[in-house]
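In the two assemblies presented below, chain A is common to both, partnered first by chain B and then by chain C.
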Partner chain A sequence: MKLEVGHIFINDIQFASESKIENGVLYVDEEAVKAIVLEDEKIKGVKFDIAKPGESVRITPVKDVIEPRVKVEGRGGVFPGVIAKVDTVGSGKTYALKGMAVVTAGKIVGFQEGIIDMSGPGAEYTPFSKLNNLVVVCEPVDGIKQHEYEKAVRLAGFRVAVYLGELARELTPDETKTYETYGIMEGKEKFPNLPRVAYVQMLQSQGLLHDTYVYGVDAKRTLSTIMNPTEVMDGAIVSGNCVSACDKNPTYVHENNPVVHDLFEEHGKTINFVCQILTNENVYLADKMRSSDWTAKMCRLLDLDAVIVSQEGFGNPDTDLIMNCKKIEAEGVKTVIITDEYAGRDGKSQSLADADPAADAVVTGGNANQVIVLPKMDKVIGTEEFVTIIAGGNEHSHREDGTIEVEIQAITGATNETGFGYLSAR
Partner chain B sequence: MNTGFMIITNNPLVKEKLGEDYHVEYEELSYEDTLKKVQKMIFQGYKLLTHPLSGSVKPNETPYKSVMLSESPEGLDAQAMQIIASAIQACGKFQFKSDLYKPQVYADFQLVDYTLISSALPSAESWR
Partner chain C sequence: MSKIKVVHYINQFFAQIGGEEKADYPAELRVGEIVGPGQALTQQFGEEAEIVATIVCGDSYFNENLDKAKADILEMVKSQNPDIFIAGPAFNAGRYGVACGTICDAVQEELGIPAVTGMYVENPGADMFKNKVYTVSTKNSAAGMRDAVKKLAPLALKIAKGEKIGASCEEGYMPNGVRVNFFEKERGSKRAVKMLLKKLADKPFETEYPMPSFDRVDPQPAIKDLSKATIALCTSGGIVPKGNPDHIESSNASHYGEYDITGVMDLTEETYETAHGGYDPVYANEDADRVLPVDVMREFEKEGVIGKLHNKFYTTVGNGTAVASAKAFAEEYAQKLIADGVDAVIMTST
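== the complex of A and B ==
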């Protein structure tokens, strides 16, 4: 399966009377995007704002971050099964608006949303500070249940992203990248001497407010499965969860998954990137056993030499991660696992809630308990009301001088477990 | 009401929502003491059915915890003992702040714990 991704660089976003993209500037008709959000009767009101890199702006509480894309050739549309109708995506041609994102914000569950600072020390911990962000702050109708509100905001973000992506349909991309994977036999013949490598992606799937959707299907009701890695570039996987900000995968990360991109970089050179394997992280222990059994079984069936396994979240998923690692290794397939750590504020505690000698190649996204002081910002988009209660904040978070002391788990994407971040030991 | 499983909880919302249809053992305990109660039952041979650290909600940040166990003892399970021990150990590395929130936050924590344990019900009902 072959996909060309055309990049259209967006250097600025401005509100205007007509939505269009011209000379790298995205002009947004506020009334038009407002109408798109308010299509959902569960949303009472919406405010839009623009946050640019380097500004003294804090966005919080952040729910999701989405990169606008449009399918210009080939089957299906962006976000299949969610916005576009169900059809296999991942082939043909797709344009992506690079350098910008749609950020949805607003209180859903008081304690589980994140912070994006556009400048200062906090900005160094979130890759989304480097983007021009169109922020969508939704207000729900009264008496709505949190999971209904989550769904309404989730879908509103995708609708806005698809609307903006459509503006690029007739444009010429600034650059184009091509990604191609092959059938099992075809790949073996093409690269007979290269190790066969797959990417095992674990998806957050622990119930309402903790779910991920694959072609619109709730991942907790799925068996582990195989897909072409190019499918994620068309929005085949979307985020629907409100777990800790630092190590959840916003939709933007699924669209731009760095494990997928780095494996493609080596594809045909040092490895044969065979496929992506999706598996879930359910609460029920027998589900964990079944899903990890299936993942290991597929690794064997595909005659893989090695896999990279990425986790989403902390605690309970540590058990899935270790089960996957142990069982895949037992099939004779080498593993590298990617996780993050909750090693206490001093970094001295046991990092994971589970461990095994088979996990002898581990990449960490960083210690989510690390403490950081965020300066006062001139402007807050959303509300800081929840900073004291989001994961990583506490009653002392708001200090007298206006600064905020939090653990980096409060920052969106800070310890991302696909490596989509800046923390490094280099 | 013999479903083959029961829910150990300190979450009043779980008792309220699930107590009529399922075997719910509610007790007003701390998060850590709820895990210790579960640990004691695992030592008595009750089978651990759901992971005690669920939802990426960190221990000590939420006061509520619900865990599903078999309704009667089914024998000792080394893996379950290890999982519950790690979960109790994890309580120590998070700053305790469950007593610092506004009332609405407690409602949110109750809801999240309730939704997490509810997500296990379809699996439990098809298995037990």
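== the complex of A and C ==
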């Protein structure tokens, strides 16, 4: 399967009377996007704002981050089974608006939404501080339950992203990248001497606001399965979860999955990148055992030599991570796992909730319990009201001088476990 | 600005007194002298620090007269009141390494003066003291002196100045059980791919997180007669009286709560809720018995299935809470449970 991804660089976002992209500037008609968000009767009101790199701006509580894309050739549309109708994506041609994102924010859903600082020390910990962000601040109708509110905001973000992506349909990309993987036999013939490698992606599926959707299907109701790695580039996986901000995968991370991209870099040179394996992180022991059994079984069926396993979330999913690693290694397939750590504020505690000697190759996104002081910002998009209760905050998070003291787990993307960031620990 | 004052500790061999035959050389303070490896350290310090005294002690003497040697050396260090104490580097000399670790630990603990040492990773002194004293990793022989001093001197200066100490791989000390964050030059996925390629080629690679050995606890024997037992409910599911009076954090809790449920037959939406930030709270808030089953326990109590439900419950939030904190909470309230005559605990999670 072959996909060309055309990059259209967005250097600036401005509100205007007409939505369009011109000379790297995204002009947004506020009324048009407002109408798109308000299509959902569960959303009472919406405000839009723009946050640019280097500004004294804080966005919180952040729910999701999304990169607008549009499918210009080939089957299906962006976010299949969620926005576009169900059809296999990942081939043909897709344009992506690079350097920007749609960020959904507003009144808190659960406890686990995040902070994006556009400047200062906090900005170093979030990859989204480097983007021009169109922030969608939603206000739910009264009396709505958390999960209904989560869904409404999630879908509103996708609708806005698709609308913006459409603006690029007739443009010429600034650069184009091509990604191609092959059938099992075809790949073996093409690269007879290269080790066969796959990417095992564990999807957050603990339920109760901890969900991920694959082609619109709730991942906790799936068996482990395989995909072409190009499918995620068309939004085949979307985030629907409020796991700690630092190590959940916002939709942006799924669209730009760094393991997929870095394995493609080696594809045909040092490895044969065979496929992507999806598995879940359910809370029941039977589910954990079944899903890890299936993952290991597929690694063997596909005659893989090695895999990279990435985790999402922490604590309970640590057991899934270790089960996957142990069982895949037992099949004679070499593993590298990517995780993050909860070693306590002093860094002295056990980092993971589970361990096994088979996990001898670990990449870490750092200790999420590290404490950081975030300076007062000139402007807050959303509200700082909830920093005391979001995961990583505490009752003393608001300090008298206006600064905020939190663990970095409150920062969106700080310890991402697909290896999206540069943070690590020793 | 005055220079940072350093006291340097070395053995008889590096003081060029002699080898094994002189290992019984007693501790000696040489004020104002820079001896042996002290020269290399001084060079690295530049204008920032100076060795104000060198302490020389034979390895056998130190280890065979431990108490006296330690006391004498501590007195010597104290008399010089340095900003930092440096011992070694000891490379792969076992008794020297143990002496360096022991005396650094004592200087820190008893004099409150920071200390740093250096040795080869397989030196027995490393395993004994690397978690207590910053221990720079060196080669296994004195041929690695230049390299050792290049790491030892800057680390000593940083510690003396009270600067933030980076991760072990940045500063060159042995991992000491304290996880320290830092930014890598390559993103995590790239590092994972590189590690994978090395593992595939059977080349050496370095994991970023060595797996710990786990503390396994054997379960207690079963209760013989439940109908006479006092059972307590405990939870890491964050159930607290409405309003979370003790402000237990939604993640990485710093404390636990103890709440009286004398006469409480049922946890209701009006009276209890969860403080836990790791799951959708709707169902727990609607009926906290779903997490902390007081209602069912009361029924069992009435039916005589259990002797009685303990009148207090202990609760915290398990979401991202450090294992060390959880262990400390349980150690404390387990004593209270024992003192109150509780026979068994039902611990619920989420």
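Here is the rule we use: the second predicted complex is superposed on the first by the 421 of 426 C-alpha atoms of A that agree within 3 Å, B and C clash if a C-alpha of one lies under 4 Å from a C-alpha of the other, contacts with A are read in each partner's own complex, and residues count from 1 in each chain.
In this text, a contact is a pair of C-beta atoms (placed from the backbone, for glycine too) under 8 Å apart; a residue touches a chain by one contact, two chains touch by 3 or more.
Computed from a prediction, not measured in an experiment: that's the story for all the values here.
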Worksheet item: When the two structures are laid over each other on chain A, do chain B and chain C clash or fit?
Response: clash
Worksheet item: Touching A:Thr319, do we find chain B (first), chain C (second), both, or neither?
Response: first
Worksheet item: Touch check for A:Met100: first (chain B), second (chain C), both, or neither?
Response: neither
Worksheet item: Given the touch rule stated above, what does A:Gln204 touch, chain B (first), chain C (second), both, or neither?
Response: first
Item to complete: Spot which of chain B and chain C makes contact with more residues of chain A, would you?
Response: C
Worksheet item: Between chain B (first) and chain C (second), which, if any, makes contact with A:Lys220: first, second, both or neither?
Response: first
Fill in: Touched partner set for A:Val57, first chain B, second chain C, both or neither
neither
Worksheet item: In the superposed arrangement, which partner chain does A:Ile13 touch: chain B (first), chain C (second), both, or neither?
Response: neither
Item to complete: Examine A:Gly365 and indicate which partner it touches, taking first as chain B and second as chain C; both and neither are also allowed.
Response: second
Worksheet item: Counting only touches as set out at the top, which of chain B and chain C does A:Asp287 meet: first, second, both, neither?
Response: first
Worksheet item: For chain A, which residues belong to both interfaces, chain B and chain C?
Response: 110-112, 146-147, 206-210, 244, 314-315, 342-345, 349-350, 353, 369, 389, 391, 394-395
Practice prompt. Would you tell me which residues of chain C are touching chain A in their complex?
Written response: 167-170, 175, 177-193, 195-197, 199-200, 205, 207-214, 247, 249-252, 254, 276-283, 318-325
Worksheet entry | chain B residues within the chain A interface of the complex | 48-51, 53-59, 61, 68, 80, 82-83, 86-87, 89-90, 92-95, 97, 100-102, 104-105, 108-109, 111-112, 115-120, 123-124, 127
Practice prompt. Can you check the complex and tell me which residues of chain A touch chain C?
Written response: 110-112, 124, 145-147, 195, 197, 206-210, 244, 258-259, 261-263, 265-266, 270-271, 305-306, 308, 310, 314-315, 334, 336, 338-339, 341-353, 355-357, 359-370, 389-395, 407-409, 416-426
Item to complete: Report the residues of chain A in contact with chain B in the complex, numbered from low to high.
Response: 109-112, 146-147, 204, 206-210, 220, 243-244, 247-248, 282-288, 313-319, 342-345, 349-350, 353-354, 369, 389, 391, 394-395
